[in-house]
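What follows is a pair of complexes built around chain A, which joins chain B in one and chain C in the other.
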Partner chain A sequence: MALAKDIYQQLEAVVGPENISGSSAVIWSYMYQPFGNTKGVWAETLPEAVLLPKSTEEVVAIAKICNRHHIVFKAMSTGWGIHNLPGVKGAIVLDLRRMNSILEIDEKNMFAVVEPSVICMQLQVEALRKGLNCHIIGAGSNTSVLASATSVVGYGPDGLSMGFSGRNLLGVEWVLPTGEVLKLGSLGSGDGWFCGDGPGPSLRGILRGWEGAWGGLGVITKCAVKLFHWPGPAELEMKNAQPNYTLKEPIKYFRASLFNFPSLEKLGEAAYKLGESEVGYFITRLSPAFVGLQMAGGMNFVRLWESGMPQEMLKYALLFVIFANSEGEFAYQQKVLDQILEETGGEASPLAETEEMQGLTAISVIKVDAVTRSCFRSAGGFNTSFGAMDTIDLALNQVRAGTELKNSYIKKGVLMEDGGDNSATLVFDQGHMAYTEVLLMYDNHDDKSTEGAMAYIGDSNQACLKKSLGTPIFQLSQVGTGKHGLFSPACFNYDKWQKEIKRVFDPNNTGDPTAYTEPKK
Partner chain B sequence: MGKAEAKRKKKRQVAAKSKKTRKPAPQPKKKRKTSAQPVKPRKAAARPKQKLTSAAKPKKTLKPAARPGKTRPSAGGDQLIKIFGAARVSQDPLVLRQFEADLSFSPAKTPAFVVRPSRAEEVKALVEWANRTAASLVPVSSGPPHFRGDTVPGREGGVVVDLSGMKKILRLDRRNRVAMIEPGVTFQELKPEAEKLGMKLMLPLAPRATKSVIGSCLEREPILVPKYHWDMSDPLGCTEVVFGTGDIFRTGAAAGPGTLEQQWAAGQAQKSPLGPGQTDLFRVVQGAQGTLGILTWATVRLELLPSIQKLYLAGAGKVEELIDLVYGMQRLKLGDECLILNRLDLAAILETRPAEINKVLAGLPPYILIFVVAGYDRFPEERVDYQTKDIMELARKHGVQPVTGLPGVDAGKLLRALSGPSAEPYWKLRPRGNCADIFFLTTLDRTPGFIKVMGEVMDKTGFPASDLGVYIQPVQQGRSCHLEFSLVFAPDDPAGVKRARETFDRAGLALLTQGAFFSRPYGSWTEMVRRRDPESVTALKKVKNIFDPRNVMNPGKLFF
Partner chain C sequence: MLLDLNDYRNDMKRCARCSICKWPPLAQMKSWRFSQNCPAISRFNFHAYSGGGRMALGLALAEGKLDEADEELSNIVYRCTACGACDSSCKYNSELEVLWPIYATRARLVGAGCFREEHGPIIESLRREDNPLMKSKSERGRWAEGLDVKDLSKGGQAEVIYHAGCLYSFDPELSKVARETVTLLRSAGVEVGIRGAQESCCGSMAFQLGFQGEFIKFAESNIDDWNALGARKVVTSCACGFGIMKAVYPLLGKKMKFEVVHISQYLDELIREGKLQLSKKIPLRVTYHDPCNLGRKSEEYVPWKGTEKKVLGQLIVREPEKTVHRGWEGVYDPPRDVIRAVPGINFVEMERIREYAWCCGAGGGVKTTMDDFALWTAGERIAEAQSVGAEAIVTACSWCERNLRDAAAAQGKKMQVLDIVELVKQAR
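Entry: the complex of A and B
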């Protein structure tokens, strides 16, 4: 069903003929979406048109047209998976790539105001020049700053010192599905971007929860996010070529270390102690497979894995970075770290100690640039499981449950051999919160492997339910329209309230409900 | 001024002269007698004797309300007794009077009943009853005195839901640094229990002893240690809430899957406030002044208890002289407690009697930056040393000279005052007997401008500059700050009350016009906030309609 000519013309009048297309060639360029796909690599539901709005005013005008004609629309920015496309027929896509400006960096008050398609790398480069840095999610520095803070989900390994995306949100400009503009917090009162809460109850609670509404509740056109102090140089000079960028010069008071522990329990104990001691800039528990995949892809990974080296050297490993503001702070943090390692039996891995590895690791942790390539280049298909946020103990139980379950699928030959434990455990707010994602690699061109991956995800969801391991990452938003069916009944029927919210804020159900929820009838 | 307002004003002036009046504030000593006494945690609340005696008399509880109102539930007493038992339902005029007014300028309204739930199921039954009978419920978790009008019924004949008896500390978890508590648990009660396990409770500035921890979190009161204030919602974690619909809901990780016990067995501790799903409903309940639901428990983040603390002060003639140092410290996450007070607020926190307060403030500079450097379990001296060195270097750069003492200021005494609830009388009432606070959010660099605006308003109204307290609290790790002006006045001086009221009203509007963000609008501020941000109010009304469609929760408050 193509858009009716008159509707197309109305939309075209808003964005200009060069910024709208219903051509098959253009639309199919959006359809290659291997991540999150339950079958193959192509999305199934074709949108009717793609629009490239440039401003809030244009988004408002589009939303109003859609409301008049009951057309579903869905916004996307950097687009990291199938959840970026509408899941209903007859819908249109708002590709926000032209809204890509950093509108403000408030150096004193440590925040930036960004449009939807500003990527983390873009913001980081500008922020570093002002002695600031931004939180980058694990999916990488090519992702939208705004999307992870307002609309989707995502965690970053620098969360130890820079928090969680959803909690780093300040003022927000939000085009509701009806086309009304809502400005959250201090912005709504015309007082600036510094606060996203109030007056009275915080509408951030409607905008997003543990994850965002994935475009199901309108379009966020601008937001302010927190920035954090950056003690390093204003520009990072690098040598070598992608993917092996390293720093030309070491950064002062920066030290990345990889530690091995005698057990997962001891590793957890160290993570608790490091967190509460308020030391460290970056911490992540990396499983042998996770590290191996960042070091080598494809057959190189297979060879590395078969050598047994990662399993031997990195069974219970923690990547920990100290990045201090002064000599005194650096010395203090190092001393605390040494004491904790002694208490927990942690030993430094020689892997990270060479100057080359320090340079590589520094880039990897500052720019978070290694995860994406490590996920897709080994088996083609990639997905993730578990991942609810709460404590470090929960995160380690997610590792245990995921490893056991995944190994049973690896034995069936449907998932890539990675020891089962292909996970990253990240810690936030100086140890106050943590989570583990258990990754799975599979061949997305092979039906049996893809079906196996989906079956594993289904079972991992059941494990979350049965073992009280929290609501898993992504599964709420990616597994079809019945996504809340599993977890809402187990979590005080939260979807009942989401349906009400959808009903009152989107009376015509024009915000694509696929990855959010259908309104209450 | 409308007729109704003139009538209320006259009523308040008359009230100020009479001992039988509801308003304004009684003297602090009298308040102390009626305040809920501290009780041992983990046990049910001990109510003041007077309340227990009167509430226990069934005849009184069954009498019609002393002052029937429009929404007074008919024959409500019997049904309430069915839910709570006679001993926890009161219509005693003495009890009702305790809730009909507070120390703010909010008009007095007498409730029909005061009920005292002890568990979530009772709260649920109460809310369902209110939905059936169109009764209004006014949740109150802290003990008196109250200051903001949010706990005064917005309508005659409401039911006060006194949660101060829900005093269980349900769980203290050292490993995960978290406490799970009921709404009646006060700072006074939780602090020592947390400290026994080596944990520190995040405090607002010297809260009154009767202040509920959950109440403070729900009001988004600022905490003293900005580096622990990652998000505006901190330190609140998960919650159990009964919405205005009567539904019980749990927010954050506590929602599930699994019971709390199953979650604990899986290593969880209800730390993550996020979710469940794609909403953060705890954010909606926070800041709602009881208009959307009633919390029956919540978790709050705790931090490590310092083993060493060193307090520093830096005086300044103008607040702008201190701002850059505060920015620098917050940016580098140096120091723990960090705040700026003017001399009146500092003296009032340190001393209890007006004469002593005046003596101390006479020797103080106009503004004082206070910060604490702390060491915890590991190499505490070394932590204090490097932090002090780094802070002093910053201070030199910004031309500030932190010292360990100022004339009349005992650093140890001040540190104790910042480390716990206020001693009696509550410090805000010490200088003159009553106090009206004007508070809002802004950024640190804009605070001098707002202080100037406040001064201009006081010049016009004739409010004495010496009776103005100023408190600047960095929040969100220094990205913004809470700025609070305290107008202290004598409640038995009608002219002084009038002047304070006029200053309060005019300053609120002047500050708002200049960009003060009233993120927590109480009482008369709600109307001016509504005019400033009508779109948010429209959205909030939609939210209200979802969670409290019959408007039984604290009607007449906020925008509802």
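Entry: the complex of A and C
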């Protein structure tokens, strides 16, 4: 235990002896972080202790101790990814696992108040019972609702009907790095959780800006998020269909359809039209590899891929889901869809039409529960590239640039062969926003493969700059200073403002700056 | 050697750290209240206590980053019921082994001489008395005194041998289940034999604590004895015994000339065949608790041995392809069918069932050495049963029954805990 004994005792007095540990065994379990690691699976910098606070008051007390003794701290919720760990020596980790309550679901005003470790699936199952639903991010329903709403990105495949996490954020309770508690939006004026921008201080831009502060600006201990209308049953019953769970009964007025288009341009045109027509629950452009990896793993995927079937059938494919309230609405949406397909040359693929595929697609669309399956099991290592949110046209340019660049690395043998185009293009808010993430699979225990993956990510950043494709979404090797150094000059020198914010909100720099930014000197 | 941590390096180093091991399969989650699947992480909260955390610790140990003698490591390793819920949840999304690295980590500690003080008497009792309960082996067959049943310890053979298991043999409250089992089988016309004082532990406790040498001794001895006694069917009430006999005994490579059957399966079969008729109404709202060892842990386990190769650039495939153990092939329907066959019964399911059932808390040596943790875990299960309005929990495992009963008593909860055999007996 490298923390001074008296400091450890002060922290222990806050959380209780059961909820603090500096033991090697506990620390090493946190050090295992394959996602976002630039080399292997272990983080390089060991924290000195892990604490499990239970309340805002405990977080405040810990922050104040850290400020008194100049100890850096970093909070995590579910802790998936190396950005959850502090990157400086001598720091402590606050694992917020014990702060895991759904404090309120306000049916009338359609929002929920959650603590940091409530995962999307926990909130969804409770919301469904009240005829409501919540946005789930693309990383899956095993992730924290609060983390994506307040601190890290927050895109998800249901964006067409449920926005994205940053936009869905309402009232916030925020423990600043200094230990002061700040309440944002209507909560700040004592008017409850219903609004993120007032009455009361609206500091959403400072709290998270576009992509969040990645835990570098204190700890958000509670937040409210918007909920959305759910037209389905209060509970979705499952049956086993090896290796998946699927719906026991079809959902009424729900239909998932897969369409092929003659070109990427026509696909984009359809996406715009579908957005403008304000129909649909879910829309995504699916690449052959992305679908193939959802359907199969290991040799099953190899056989599927080598058959050429996904490449042939899903070259320019769009998955579109109608989920309506009534027979009449369902018919209307279907009619709109048919007309747009006629205008854009889209043809329905028989792949999605069977009852089995409808059930499986419904689960993956509603519950977003198969991300680990499609991303991590192939080669072990997984990362992502591109992904700035802009227009549908720009998202399709991301597909083109990503495919070309990735194929050059696939040819070198350092990345998994997936046709280069292993991506999902998600469309948000009636079609006026979209983005593409270009995924890459590599062996994170093979130095050559890992180095190749990192080189690809570096080149993809350059491609974003040179081809004006926006700042990448989630390049973990490039979060924090590295990313800002690259992109800030092309984006109004935004990091100057970040550094100023960091200086003012965190005068002692106790909030781990690694994934956010160092304060202005 | 059955358990070598190095055999699981590739599993451990490919954990995605996604935390899916901490919840029931996401599509099966039904409420916030019962949205956890792992007693250890739910009770102790540090990531180290989860399936993924245990994989990380196993890998750190295998790579020499941690020392076997680390005291906190030992605490974490054994504060786990080895229920396998993490494994089932993980398998929904991947093909990684999670439970077997947990076993192998324990074996690694034991192999390095780093076993816990409280395990000493258990292993000593197994060595001396053939049971982990510190009971005299001479008392083992007493539960059957006065029963009209063939005692094979006195000679003879039998095609159907009933293996009561340690807890049903020695626990004064539960041993009536063993007696009722024999009575039911006899009344159904089954010529059943027991091994009386010569019956010995299945070895499950030794296996789960990491003492693989002890386990192998018991397993081989049991197989030899049952073979020698002419058994065609070994029927057991002990779910732990059933699980280990189905999943692990076959790995020893000894010919098992008998089929292993759990009493719930046998009762179901006898009821279907009309050899056991249930006529008495039991107007009780009951739920069923799936014992881990009867459910997900009884699935046949095929350890993967082979080579990995890369295709399509960096895609890793195994040759031969791996058998994936999702826990879906456990014994789930027979006990439910038996319950449904009881006239007047009102059967209701809990939220966490079958391969994603919440553990009772007794397994992996926890009941014997950390009773407070065991009772806390059982309390969670009782709360779940209460949430669906059950008046009784029916189960089919002696350790589950013991622990659930103890928890209900300790926590002052009104909940009957019934063995499936007791239920059938009452309905006759």
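Keep in mind that, in the parts below, the second predicted complex is superposed on the first by the 507 of 521 C-alpha atoms of A that agree within 3 Å, B and C clash if a C-alpha of one lies under 4 Å from a C-alpha of the other, contacts with A are read in each partner's own complex, and residues count from 1 in each chain.
Here, a contact is a pair of C-beta atoms (placed from the backbone, for glycine too) under 8 Å apart; a residue touches a chain by one contact, two chains touch by 3 or more.
Note that the structure is a prediction, hence the values are computed from the model and not measured.
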(Q) Looking at the superposed three-chain arrangement on chain A, would you call chain B and chain C a clash or a fit? (A) fit
(Q) I'd like to know which partner A:Met313 touches here: chain B for first, chain C for second, both or neither. (A) neither
Q: Check whether A:Gln242 is in contact with chain B, with chain C, with both or with neither, and answer first, second, both or neither.
A: second
Q. Which of the two partners, first being chain B and second being chain C, lies in contact with A:Met295: first, second, both, or neither?
A. neither
(Q) Touch test for A:Asn325: chain B only (first), chain C only (second), both, or neither? (A) first
Q.
I'd like to know which partner A:Met389 touches here: chain B for first, chain C for second, both or neither.
A. first
Q. Who does A:Ala348 touch here: chain B (first), chain C (second), both, or neither?
A. neither
Q: Using centres of C-alpha atoms, tell me the angle at chain A that chain B and chain C span after the overlay, to the nearest 10°.
A: 140
Q) Rounded to a whole Å, what is the shortest Cα gap between chain B and chain C in the overlaid structures? A) 23
Q. Which residues form the common part of the chain A surface touched by chain B and by chain C?
A. none
Q) Of all residues in chain B, which touch chain A in the complex? A) 175-177, 220, 230-233, 248-250, 253, 255-259, 262-263, 265-272, 274-289, 292, 301, 304, 327, 331-333, 376-379, 382-383, 385-387, 389-390, 441-445, 476-480, 512, 515-521, 529, 532-533, 535-537, 539-540, 542-543, 545-547, 558-559
Q. For chain C, which residues are in contact with chain A within the complex?
A. 13-20, 23, 25-32, 35, 44-48, 52-57, 59-60, 65-67, 70, 72-73, 76, 91-95, 310-318, 321-322, 324, 326, 328
Q) Any idea which chain A residues touch chain B in the complex? A) 108-111, 163-164, 166-168, 170, 180-186, 188-192, 194-206, 208-214, 216, 226, 229, 272, 276-278, 325-326, 328-329, 331-332, 335-336, 339-340, 388-397, 429, 431-433, 464-465, 467-471, 476-477, 484, 487-488, 490-492, 494-495, 497-498, 500-501, 504-505, 516-517
Q) Which residues of chain A touch chain C in their complex? A) 18-19, 21, 23-26, 28-35, 41-42, 50, 52, 78-81, 95, 97-98, 102, 118-119, 121-123, 125-126, 140-142, 235-236, 238, 240, 242-245, 297-299, 301-302, 305, 363, 367, 369-373, 375-382, 410, 413-418, 441-443, 445-446, 449
